[in-house]
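A quick write-up on the structure given underneath.
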Amino acid sequence: MTEKRTDLALEVRESFPRNHVEVQGVILEKEEYLDGNVQITKVQIRDDAGSRAMRKPKGTYITIESEGLLQGDCDREPILLCICDQLEKMIPSLKRKSVLIVGLGNREVTSDSLGPKMTDHLFITRHLEQEFGVGFMRENDYGCVSAIAPGVMAQTGMEAGELVESLVKRTRPDLVIVVDALAARSVRRLCTTIQITDTGIAPGAGVGNRRKELTKETLGVPVVAIGVPTVVDAETIISDHLECVLQKQGYSEHEIEQFLREMLTRETENVMVTPKNIDESVNQLSEDLAHVLNHCFQKKG
Amino acid sequence: MTEKRTDLALEVRESFPRNHVEVQGVILEKEEYLDGNVQITKVQIRDDAGSRAMRKPKGTYITIESEGLLQGDCDREPILLCICDQLEKMIPSLKRKSVLIVGLGNREVTSDSLGPKMTDHLFITRHLEQEFGVGFMRENDYGCVSAIAPGVMAQTGMEAGELVESLVKRTRPDLVIVVDALAARSVRRLCTTIQITDTGIAPGAGVGNRRKELTKETLGVPVVAIGVPTVVDAETIISDHLECVLQKQGYSEHEIEQFLREMLTRETENVMVTPKNIDESVNQLSEDLAHVLNHCFQKKG
Amino acid sequence: MTEKRTDLALEVRESFPRNHVEVQGVILEKEEYLDGNVQITKVQIRDDAGSRAMRKPKGTYITIESEGLLQGDCDREPILLCICDQLEKMIPSLKRKSVLIVGLGNREVTSDSLGPKMTDHLFITRHLEQEFGVGFMRENDYGCVSAIAPGVMAQTGMEAGELVESLVKRTRPDLVIVVDALAARSVRRLCTTIQITDTGIAPGAGVGNRRKELTKETLGVPVVAIGVPTVVDAETIISDHLECVLQKQGYSEHEIEQFLREMLTRETENVMVTPKNIDESVNQLSEDLAHVLNHCFQKKG
Amino acid sequence: MTEKRTDLALEVRESFPRNHVEVQGVILEKEEYLDGNVQITKVQIRDDAGSRAMRKPKGTYITIESEGLLQGDCDREPILLCICDQLEKMIPSLKRKSVLIVGLGNREVTSDSLGPKMTDHLFITRHLEQEFGVGFMRENDYGCVSAIAPGVMAQTGMEAGELVESLVKRTRPDLVIVVDALAARSVRRLCTTIQITDTGIAPGAGVGNRRKELTKETLGVPVVAIGVPTVVDAETIISDHLECVLQKQGYSEHEIEQFLREMLTRETENVMVTPKNIDESVNQLSEDLAHVLNHCFQKKG
C-alpha cells in the first residue's frame, strides 16, 4: 500500500486494514465529552513492536477532536478546558513546573504559522520571577513561563533544535512544550483535531521540514508536543479517493499501487490542501492554544 | 462530463475533448516569447454560439503563462514587460486614459488577497492632478490613476460592485481595471498564469464569491480584468486524476460520472488546493502586477 | 497668544484665560461616573457668537475621559458602557437606524490607524438584510450596519469625502458615524479621552489632513464623529511648557509670543508627540470603539 | 546641567559647552562625502579619562548623517555604500568572517521595531554551508550569515542577552553585529543618522530597556553595534528649548536647572517624540540596513 503522510498517530492506527483487531504493543482507548461533541482518543505505543508497526516512537498520543473548533462563533471554552485536562493528566503537577513554550514554524507561511502566532498570546512570567522573586509569583499564583518562536532555517540559518537546545541549557526549565502545525491524511481533521504527545517532535514532522528532533533525549527534560493538522498532502487526498474507487472495482492492492505510481506526477508535489478559511482558523487556534496554556500555568479565574 | 470549475477561458477551451478541432465562434492563437519561457494564448469568443459553447461572455481573453513567475529569484522584468505589451495592445492609447484600478478580494484571506495587496504598491496620481493641475501631470509624464480595494461583503456589508459603481459615477474615469484572484483547473497554472480580458468580471468568478458583475454594461466605461489563479478546487483535482485513470480503464463517460458522484463527499467542499508557497507567491505577484500597471500609466524609466 | 492646535472642543474651552467665566453662547456641563473614574464633559455651542469664539461649528461635543482606557489590563467594560450611553443620548432610537460607519485615516501610520483598525472588529450586517430580509434581522435583533475604511488620498487618489458621499448616495443609510484619530493639546489626554460630536468632521481635523468635510450638509444625513487624540504637536508641548515658565517670570503675553516665534524652528515641524505605547493603545482603542458600536447596534447580551 | 538622554556618542561630545576645545582622551574627526550630502564623524574614546568624561565605553563611534535617508524617493544606494565602507574599515576582512546578526527590539512597537524588521530582509546562508559545504559557499561567493530577532522580555521571559549568549556559545560565529533603535537628543537626527560602534551594546541603551550588555566581554567575540535614533525623549526636547531661551535671558545654569525641575512633571514620562512618518521611515531603514549587511557579506554585484 502506498504510504500516506500523516503526523497523527490516530490516523496511522486507523490505516491498519482491519481496524477492530489489536495491533501488538499498541493500546487504543476512546472517550466522549460534552454530549459527544468532543472525542478523545488515546493511542499508547508500549513497546518496540508497537513502535515499529506504527512507525512512531513509544509514548502516549492523545487526540482531541471537535468540529466546534472550526466554528468561529461557538462557545469554545468547554472544549478548551478538555484540552487543559488532558495536558494536566499527562504531566503531573504541571502548574508547579517552570516551562519553556516553543512555537515552531514559519510566521510568514499561513499554514505553518500556528506555533509562532500562539506565542504572541502567551502570558509570560519568567522575567517577573527574576525581577520580583519567588514570593511575588506565589502571591499572584503565577507559574514560571518563558517562550520562543525560533523561526525556520531560511530565516535564521540555524535549526530550531539548535536554538532550543542552547536555550534549555541556559535557562534550565523543568519542561518544554512545543506547538507545531501538522499534516493530516483526512481533510475532516484539518483544524478540528489537536494531538498531544509526550514523545516530543521527531525529525521531518510538521508542515515545514523540522530536521532536528526535540525530545527528552536531546533536551534533557520532558518534552510535550501539541500539534494541529492544517494541511493534507495533495497526493494523499487524491490517492485516498482513487484507492476507494478502485477497491470497489475489485482491483488488488498491487494493481492499485501501480495505478497510483503512474498517475501521481510531479505536478502535485508543490501544492497542498488546506481549509478554505485557513487564515481565520490558524488565528483562532493559535489564540485557543495560548489560552489553554495560560490557563494551565497561571492563576485560575 | 462533470463540470470543473475554472475562471480561465484557456482551460475551458482545453476541456473540449478534441482540442485540435475548431469550436465555432471561438478563435485560438498561440505565441511564444523569451525563448519559449513565456507562452501567450489569445482566446477570442466572437459570437453567441462561441459564448454558449464556452459559457463565457464574448470578448478577448489573453493568457500569459510563465514558470518564471513562480521563482522568486529570477529576473522578472522581461516577463512583466510582456504583460504590459498585452495590456497596451488591448486598450489603445492606454497611458492617456484616466483609470480606476480595483483590487478585488479579501486582504485577510491569503489566497484571495492578490487584489488588495496589489493596490498597496500602486503609484497613485489622481489627487496630484486635482491639486497641481494638468500641466504638472504632463511635465512629469504622469497618468491619472486612482485605486480602491473595496473589501468583501462580510467586511463592508456592501457588494464590491455597489462600491465601484458609485465611485465610477462620482469620479468618471475613462477605464476601470480590476485585479482579482482566480480559480484554475490545473495546479500547474497556479501563480504561473495571468489572464487579461476585456469582458470585465462576471458574477461568481474569483476565489471568493463576487456577486455583482463589473462590466462595461454595469459601469458605463470599458472594464479590463486581470486575474491570476491561486486555487484549484479540491474536487477538481481529485476528479481530474480519477477520470484520467478510469478513461484508461475503458470506462464510459457516463460510468465515470456516476463514480465521481458517489465518491465526492461534502468533505472536500471546505478545502482548497494552493501552492505550498502561496503566501510568498501572492506577495510577489501583487508587487508584479502593480509594477506592470505603474509602468503602463506612469513615466517610463 | 500663539494658537495651539487641538481637535478637542473641551481643550479650546479650557484655553480661555478665565476658565470659570461664561463664554457667550457656550454651555459647559460636567459629570462623573464610576466613582470619579470617568469624567464626562458636555460642551454645547449654541449660537454664532459661541461658534466664533470657539472656532468650531455649532453643536454638542461630549468628552469622556478615563485614565482606565490607557491600562490594558483593567476592566474596560463599564467605561465602554458609558460611551454607549452617551451615543444613545445623542441619537434618539439609535438602534433602529441603518448606519454607515466610516473609519478615517491611514492604516499604515500607527497614530492615524485608529479608524481603519476599528472597522476590522465591527459586526457587519447590511448584507444579511439584503440576503435574508427584514424578518431575519428582527428575529436576531440585528441592526443594519455597513462600514468602510476609505483610506487616504496617497492610497486612493480620492478624498475620503468623495468616497463617503458617493456611498451614502448609493446605500442611503439613516446615519453616518465617523471614527478618527485626533490631535490634542495636552499629553495627559492622549489615548485616555474620547470626543463624540454631532457636528461631523470639519476640514483639517484629525491626525492626517482630511480636506473634505463630512457633515449633515455634505452627506444629507446626520453625522456623528467619534475621535480619540493620539498625538500632540511637538510645538504645542514645547510652547505650553515655555509659556508656563515665562508667565511665572512675569513676562507679558506679547513678550512670550515673541520668544516663541524666535525659538520654534522648522525642525519641530516634522515630529510629533505620542504615547510610548501608541501601538498597543491604538489596537486596544480600535477594538474598544468597535465593541461600543457593536453593542449599540446589535443584539444585547 | 540637567542630563539629556542620548545614545549617540556624537551628541554627548556636542554637549560639552565649548565644543571647539579638546576633551582629554577623546578624538574627533569629521569627513564629508557625496558633495556634502553625507557627513561622517568619528569619535574615538581612547582612555579612561575620555570614557569618564563621555560616560561611554572606550572604543570607536562612527556617525553617518544624511538627510537623504529620510526621503523615500531619493537614490539611497550611494549613501548605503558609504555605510558599507565604514563597516569594512572597522572590521578587517569582514567578508570572510562568519557572523550572527541580532535584531534587537520589539517588533510590535513601531519605534523599537527596526532591528527585528531588518532581520526579515537579510540573506541567510549559514544553513547552506551546513548542508552543501564550504565549497558551495566559495563558488557562490557567500559569507556565513545567521540571524536572530530575540524579542523583548515581555515576549519571551528571557533577556535578549541570555538568548544571544547561549546562541553564540552554540554556533560560535567570528563576529556579532547588533542592530537596534536608539534615542537621540536632537530631532534633526531622527531617522537620518546611523551610529556604528565596536563597543557593542551597553545596558539601558536603545529605545526599550535592554538590560544585559552585549559586548566582547560577555560574548567572547567582537561585537559591532549599528543604531539609528528613532525617538527623542519628550523631556529632552522641552528642556533643550527652555534652556536656550533662559540662557539668552541671562539666567545661570543653576537657576535654569531649578526651573526645569519644577516644570517637568510626570506627564511627559509616558510620551515620546518621533518623526511623523516613523512607520515608513523604520520600514525603509530596516530594508536599508539589511541591504548594507547583505552587500558586506554576500556576492558583490
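Order as written gives the chain letters A, B, C and D; numbering starts at 1 within each chain.
Here, a residue touches a chain if its C-beta (ideal position, glycine included) is under 8 Å from a C-beta of that chain, and two chains touch if they have at least 3 such contacts.
Since we're looking at a predicted model, the values are computed, not measured.
> Note the shortest touch-path length, in steps, from chain A to chain C.
2
> Please flag the chain sitting at the greatest distance from chain D, going by CA centroids.
Chain B.
> Measure off the straight-line distance from the CA centroid of chain B to the CA centroid of chain C, and report it in whole Å.
Those two chain centres are 41 Å apart.
> Chain B to chain D: how many Å between their CA centres?
Going by mean C-alpha positions, chain B sits 46 Å from chain D.
> CA centre of chain C versus CA centre of chain D: separation in Å?
Once rounded, the distance between the two centres reads 37 Å.
> Indicate the residues of chain A shared as contacts by at least two other chains.
Answer for chain A, listing residues that touch two or more other chains: there are none.
> Using the touch definition up top, name the residues of chain A that touch chain B in the complex.
Within the complex, chain A contacts chain B at residues 108-110, 186-188, 190, 232, 234, 237-238, 241-242, 244-246, 259, 263-264, 267-268, 270-280.
> Within the complex, which stretch of chain D touches chain A?
So the residues of chain D in touch with chain A come to 119-120, 124-127, 144-148, 151, 153-159, 162-163, 165-167, 169-171.
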